[in-house]
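A short worksheet on the structure shown next.
Chain nomenclature is as follows: A, B and C, assigned in order of appearance, with residue numbering initiated at 1 for each chain independently.
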Amino acid sequence: MANVVVARRAPAKGVLGWLQKYVFRNISAKIAALPMILTVLVVFVGGMLWTVFFSFTSSKMLPNTNFVGLDQYVRLFKTSRWNVSVENLLVYGSFSLVFTMVIGFVLAVLIDQKIRFESVFRTIMLYPFALSFIVTGLVWQWIMYPELGLQKAIRNLGWESFTFDWITNSEMVIYALLIAGLWQGTGFVMVLMLAGLRGVDQEIWKAARVDGIPTWRSYIFIVLPMMRGVIVTAVVIVGSGIVRLYDLVVALTKGGPGISSQVPATYVYDYMFMANNIGQGLAASTMMLVTVLIIIIPWAYLEFGGKRRAQ
Amino acid sequence: MTDTVAASSTLPDRAGTTASPRGPKPKPWFTTPRVIMYSILTVACLFYLFPLYVMITTSLKPMPEIRFGSIFALPIEPSFDAWVKAWTGACTGLRCEGLSPGFWNSVKITIPSVIASILIASVNGYALVNWKFRGSEIFFTVLIFGSFIPYQVLLYPLVMLTSQMKIFGSLWAIILIHTIFGMPILTLLFRNYFASLPEELFKAARVDGAGFWRIYFEVMLPMSLPIFVVALILQITGIWNDFLFGVVFAGFQNNPMTVQLNNIVNSAQGSPEYNVNMAATILTGLVPLIVYFVSGPLFVRGVAAGAVKG
Amino acid sequence: MQNNSVVINDLSLSFGNVKVLEHLDLEINRGEFLVLLGPSGCGKSTLLNCVAGLLDVTDGQIFIEGKNVTWEQPKDRGIGMVFQSYALYPQMTVERNLSFGLRVSGMKKDDIERRVKRASEILQIEPLLKRKPAALSGGQRQRVAIGRALVRDVDVFLFDEPLSNLDAKLRSDLRVEIKRLHQRLKNTMIYVTHDQIEAMTLADRIAIMKDGIIQQLDTPHHIYNKPVNLFVAGFIGSPTMNFLNGTIENGGKAIKVDQDMISVHGYEFGGAVPANGTKVVLGIRPEHIALEDQAKAMPTSAEIEIDLVEPMGSDTLGWTRFGSHSLIFRCASEVELMPGKKMLIGFDTARGSIFDEATGSRL
């Protein structure tokens, strides 16, 4: 489009012509896009390659180029703390993804029923999303603190055997993270789903009513399949958020009790900045990258591969 | 329930049909599905509100009340002592200066980061829509995919980079980092917005002889106020809530509020003061909460922006 | 056996304080094709949605096939509906789109199959049955949408601007198909549109609506030739009817427009002949204006000068002035028109319409 308005001078030859053709044309736009170009090339592409590259070295305090092949990865998967982290992420991730999506959808459907005080409900459900994971983690840490929190309050009410000690119980601590995570993130998915629901053609609803299809069946068999785009996007956003999970763990459990609520991101941080074992941290972060690629690549294929087919 | 019209009359006799259905179908105020629906919504809202309630009530109680009472209970003798202590006197490890230095650090980090990231991303989005050049779409695609890379992957390379630039551990470093990581979402936001403006407007300005910057400042900017507000909300809350970058890049003396809050609560020595902890927690959450409640639907638009495909 | 298929009795609908429909009565005969026509916002779609049961009425009753359906669910009203956006279920094949409602109602498999087969035969969509809506063209989609109404085997078909999303060529093709479908099925059909060509070509009767009130309910021929008021006269016909303001003179024998006296000889007044001095509007259709030799034979003729010529292909429009009024006439494309050319035009008021300027009603 912009080429149209470029003055059509006689093309210069040689280096000058090349410069004119590829460098000076739209020079302002290229200067304006320089931060983006640098970010992409230096930070995203360069940083990613750097991390993968140095994950094959024995870097300790400082990065070095002493290659040790897959040693860091072998050590990584021999470390019980890493294995616990991966397992935790799998448990947290699958529950979090399923519950966030289901709860988000159900709440969106309920709010979509022409209810009174819709904006009040919506505001209440979304406000946790405005808060940081640190704030979220600390509040829930206090609520779940067995000696003075919810457990004690319920016992005071007369239910003496009530137990809610998940943050001090290494078996249950991951579900404590889950509750706090759901509290913070479901509102966001609800808002996305609601936008998706509101985007459905009203005449589809009319057609379904004329056909005599009960509302719940319309939601499941007609509307839900129509929201594929919104759902996929939500899954990708929630999914890549789960892989990153860090602040919440730091604030709520500090990875404890023991190592029972460690996740990959805390492992990476501790090895890089606390244990001065950069190679190990980089290997762990490369594994995180691989995980995200496993989520992203099928999505990108669906989204962009689909577009190409449509053309 | 339904009457048949007398076969002989063409128009149903009005007097004769008063008994048959007429006007809106009567709807009872309470139907079972409605009651269930509102119950679920109310329970959900109680779940979402409970932590806020606990935060506020705990922060207003003196310690004995916390120790012997219940977290459900309202404060008997509410006092703001804990808030004052959280602000000015709470201890993080050795220092006991409260949260206020963290607050001012967060302000010093947030304001320049927000301005820099929005300026760069808006120009970027404008260039991507109206001044496409060879490769611009490829850079944009990589930028968007880059936003899905876990931060941990890029953390150490950025430590190396900022060290090389001799800014590691300074405000400059953290501002640079926020500008970089704000770029994908903001660029997407602005690109989509500028793409939705009529292209003829841009073409007309070109025909009138305006160049890149003139069109940006005199044609695009004046029409883009709403999207700037959305970006502002997105960035203020996002940067204020950051923890990881603050703890790595800002340096000890510039620790943002979230980092200080975590230090106060999680590394407290002696007996923990839960009322002070909760007061500190609210104080830290206050800025994004105010932004959220003041901005209303624009916040929703901001969080949904990332999800809307270009 | 009564002849009414749909009876609307004293229907009102308001959203809050906004009254969309007011005390509306309408009777539709069995097998009739009724078109609701009007500008956007006139309440025609709202009325159709009330008949379908998709909107709750504020007051009044609706009878379909003699049954009071005012409180009935849409599915129990014996109606099928076709929408502007087709409203096909995008994730289902054409076959499932057609059969979904029947399956949900628990109908036997054989019956469903038979109905789907019949509908797809009638609409010639058998080759499309395994496809999804996204793989269909606009015209095919609308055919499937009609099929979905067809399989319901109902008495009354409702169409809500079904052709508005199609391009001009497809629109006229599908229009003919809908007409053919009606001739074959002989169902009652209520059809909402803002397109007067669709209305004129399809309708047995047209109801012209404005501001929630039916202005005129009549055959297309009558509506075109004997519009009951200025609104109907101006709404129907393209280019629009010429309107000349004047006053009644000579005891109702002539109208004085500017300085010219126009004879009203042969015009049948609906009521009493209006008194001298009554301000009226005389409406003349562009094609009722004759030129040159033919003009001489007309009761009223005048020499005018052509301002502007619009050749339309099949015919030509000429723009001119008559006194202080601008005037459009339509003539065969063979006639040579040129801006600046002086010509004789003439018309017969008996074929025109006279409206009271104050009330807008036909006199």
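The rule is simple: contacts are C-beta pairs under 8 Å (C-beta built on N, C-alpha and C of every residue); 3 or more make two chains touch, one makes a residue touch a chain.
Remember, it's a predicted structure, so these values are computed and weren't measured experimentally.
Asker: Considering only which chains touch which, label the overall pattern as line, ring, star, complete or other.
Answerer: Shape of the chain contacts: complete, all pairs touching.
Asker: Taking the mean of all protein CA atoms as the centre, name the chain whose own CA mean is closest to it.
Answerer: The most central chain, going by mean C-alpha position, is B.
Asker: How many angstrom lie between the CA centroids of subunit A and subunit C, rounded to a whole number?
Answerer: A distance of 55 Å separates the two centres.
Asker: When the C-alpha atoms of subunit A and subunit B are each averaged to a single point, how far apart are the two points in Å?
Answerer: 15
Asker: Would you kindly tell me how far, in whole Å, the mean C-alpha position of subunit C lies from that of subunit B?
Answerer: Averaging C-alpha atoms per chain gives centres 52 Å apart.
Asker: For subunit C, which residues count as touching subunit A in their complex?
Answerer: Per the touch definition, subunit C meets subunit A at residues 49, 52-54, 73-76, 79-81, 83-91, 100-101, 104-105, 145, 148, 152, 160.
Asker: Can you list the residues on subunit A that touch subunit B in the complex?
Answerer: Of all residues in subunit A, those touching subunit B are 1-2, 5, 22, 25-26, 28-30, 32-33, 35-37, 39-40, 42-48, 50-51, 54, 63, 106-107, 110-111, 113, 115, 121-136, 138-143, 148-150, 152-153, 156-157, 183, 187-188, 191-192, 195, 229-230, 233-234, 236-237, 240, 243-244, 246-247, 250-251, 254, 264-265, 268-269, 272-273, 278, 281-282, 284-286, 288-289, 291-292, 295-296, 300, 303.
Asker: For the complex, which residues does subunit B have touching subunit A?
Answerer: Result: residues 37-38, 40-41, 44-45, 47-52, 54-55, 58, 66-67, 70-72, 120, 123-124, 126-128, 130-134, 136, 139-140, 142-143, 145-146, 148-158, 160-161, 179-180, 183, 187, 199, 203, 206-207, 211-213, 237, 240-244, 248, 258, 261-262, 265-266, 274, 277-278, 281, 284-285, 288-289, 291-293, 296, 299-300, 303-304, 306-307, 309 of subunit B touch subunit A.
Asker: Name, in rising order, each residue of subunit B that touches subunit C in their complex.
Answerer: 1-5, 7-8, 10-12, 14, 17, 20-25
Asker: In their complex, what parts of subunit A are in touch with subunit C?
Answerer: Answer in residue numbers: 201, 203-204, 206-214, 217, 221-222, 225-226.
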